[in-house]
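What follows is a short report on a single structure.
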């Protein structure tokens, strides 16, 4: 009995430790040295550039120290989430808006300190940026983050593969999604059932950005305007799934999620992929990975295709957006320092576009930047950005995107019928929306 | 007089028994029991990971939901886990026993070492890398198709290793088997070493056949190791995560390989419903305890007499 | 096993067994040979149809890229060192603590023994994802973040290790212990001088499995270390494999290098766990 009691005592003590854990730190006073923890995902060039910015900022703000931590992209969500769950989140972090949305809803991040940016209010701040690029981070009138990057896809074309198929890329590049199908037929080469040369393949891990615009051009929607119904427009969705079915191994066998992602293969220019959907950041990477290909002039970027039936006013594509956020549990002094640092970073969009990772930070000044001249075809991508809208990123976005991907994989690879996949997707998405 | 002495020694030994266990128990109290209690506690609430508000107490609702709400897909996860575990458990235990006995009995120590090292090397490769290697092999253009097509003389056929659900299940089991067979063989060989060679010699002299040696000497005396391997193997199989996760991340469909731990991961991390995720974990935990106790009782290894 | 009559039946039998064993070797080894060859190839060659096993030419550049890292930051050696320190320390503590617990559970009788055993076993039955957050909070509270001790202390001993030691020590001859007690040896003396030295096979096996599982630990170091100087090898491999373009050749090179320490350790320790311990060999039954 005594031993049992001793064991229980140990357990109780341990439980007490756990339950007492997790109280946020006490706030430091105003002039005390401030340490900001800044966590971001991996990008070699941007990391080097931001280290420079940090050094510069620390010189002008001697009481501030910034700890710059880089985390693997795929693990970022769980790492930051666990830290926040323990009330120990970083002071500044970057995250795609779909992942960060819940942080905003739960009050874990603070609205932007408009004064630091020289703006009167949210509307004023949004006006400093292109188009509606601040709207994904706007919830109930307040803006919660400043942009790290806005990525819309351009269609990169490898002219050599077109030539191999007897086509002229400059004339024959696809303008519509239907063109993609016809081109695939001409370009794809096989060894039996195995694709050795693909015309194009899609970014399945960002399927909203990849496919949302074309579904909407066909008349479908991810969420109804009143926010109550998910996966609206049965006819459009069925047409979409039928088209993807045609692409997949169960149809004409042009593309499949089980092959290596096209954007990973494009730079190597091994003749195995003709086109890939990638953001502007890829351009300097082609130069770095394969200078011979870069300088040969055998590649180009063309606008994101639209459906043949799309109207002029329909958005051409969707963009994904990542922002910098500031932890709501940091002390007021730390928050102010954080926003000051971010405002400083945001004043350098040209460098971010150039050596700082080639990310588009949509400050209005970026359109006149001289850096654009050094990035071939940047005008194509930026024009596309002007015609784009944010991909769906509000409540339940991640779960619905996962369901969407499952439906796509089912239709393309597993051989489920488009009707059934649509039904499963609609039920699952509706359950997510209902639970919100 | 005698009785008191016995009680004294017994008591002293019993105290030592506890004493040897105290350091581990203290460690587990802080780093295992406390978190497990936290998980049980959380499973009774509808807790969202990021929410700062106090979570609602929902009692057993999480548990009821995961079994009744088809949309959550927990029952499918149970099915996937069961298929995977059975598919991996029996081959692993049976073949590791078989191979370890065959190697131990028929080769000298240096050859045994060579075999063991070769069989163990897959376990040494990190999971990220192991899956990358297999993804390259099972890429439609990779070795998998080429080798099978060569053997079956069916050029150009894509066997859809990672896209067809049954193939995908088979592939995950195969990768898992490949990775861990060496680990269990090593455990068995260690166990085989505890059986004194003299017993075999004596039996041989008495004219026993190999089969009789195996059934009458090896198997019974190997019981502690057999129960070790079978309990560990079942727990490992039920807990499997990284194999399935990596395949899913590389574009394979989720449903056929959505094992319980993967489901817990998506529920807790992606959907941020940590209360529900804890409920799933507790169910898995309970299942493992029951199955382990059952196995230990079945094999009944604790009394070994020479 | 040495006094075998080489009858013809036995020869056939041995031939068949050899085939079977070699088949398993082939299954196990082929992907590794693939990894070895691929580490010298470019990505184009790796996915070529038909696949040729000989790289032409030998891409030593892969290994350079592997060690230098994507930004040529040369963190790989430091990561290896960290992994060594952490895995090595955890292995030593596990050998000690698991040995003690296994011994206590197998060779002693006390009330609640089975309860203690099941309780310890239960600690390995909970998925890490469910206890990730409370463990993180505890580590934070005990000031373990961003330090070597944060990587080591939560893994001082594992239930797997205790289970292994217990099962092995169940077969340890009890009469040796009694004899030692009669001779006046204290309990601790018996443990350190008699039991442990004679458990070389299981200790070697446990050392290898513990070292391997710590070496492979990705999630906990990810959560606990932000300082780049403390990162371990799995984190390096993850970053490497996340490259936006596919450089499978260099990744295979990283894999090869990352696995070498483990392979060497396994080779070195293997002579301990093959053939059994003297205590068993010497007993006359």
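Letters A, B and C mark the chains as written, and numbering starts fresh at 1 in each.
Operating definition for what follows: a residue touches a chain if its C-beta (ideal position, glycine included) is under 8 Å from a C-beta of that chain, and two chains touch if they have at least 3 such contacts.
Quick caveat, the model's predicted, so the values are computed rather than measured.
Chain contacts here are complete: no pair of chains fails to touch. Across the two interfaces under comparison, A-C and A-B, the one joined by more C-beta contacts turns out to be A-B. Taking the CA centroid of chain B as reference, the farthest chain centroid is that of A. Mean C-alpha position of chain B lies 15 Å from that of chain C.
Chain B has its Cα centroid 37 Å from the Cα centroid of chain A. The multi-chain contact residues of chain C, meaning those touching 2 or more other chains, are 47, 49, 111, 133-134, 138, 238.
Within chain A, residues 3, 17-18, 74, 78, 85, 191, 194, 196, 260 each touch two or more of the remaining chains. Residue positions of chain B touching 2 or more other chains: 18, 25, 30, 33-35, 38, 49, 139, 141, 269, 274. Taken together, the chain B residues at the contact with chain C in this complex read 10, 13-21, 23-25, 27-28, 30-36, 38-39, 49, 95, 99, 102-106, 108-109, 112-113, 115-130, 132-134, 136-137, 139, 141-143, 146, 178, 181-183, 186-187, 189-202, 204, 221, 224-225, 227-228, 231-232, 235, 239, 241, 260-261, 264-265, 268-269, 274, 277-278, 280-282, 284-285, 288-289, 292-293, 301-302, 304, 306. Of all residues in chain C, those touching chain B in their complex are 1, 3, 14, 17, 20-21, 24-25, 27-29, 31-32, 34-35, 38, 46-51, 97-98, 100-101, 103-105, 107-111, 113, 116, 118-127, 129-131, 133-135, 138, 153-154, 156-157, 159-160, 162-164, 167-168, 170-171, 173, 187, 191, 201-202, 205, 208-209, 212, 215-216, 218, 233-234, 237-238, 241, 248, 251-252, 254-255, 258-259, 262-263, 266-267, 270-271, 273-277, 280-281, 283-285. Touching chain A in their complex are the following residues of chain B: 18, 25-26, 29-30, 33-35, 37-38, 48-52, 71, 139-141, 145, 149, 155-158, 160, 162-165, 249, 251-255, 266, 269-272, 274. Of all residues in chain A, only 3, 7, 10-11, 13-15, 17-19, 74, 77-78, 81, 84-85, 102-103, 106-108, 190-196, 204, 249, 256-261, 398-399, 402, 406, 409-410, 413-414, 427-428, 431 touch chain B in the complex they form.
The touching residues of chain A, when paired with chain C in their complex, are 3-4, 17-18, 20-22, 37, 39, 42, 44, 47-48, 67, 69-75, 78-79, 82-83, 85-86, 88, 191, 194, 196, 260, 263-268, 270, 272, 282, 285, 289.
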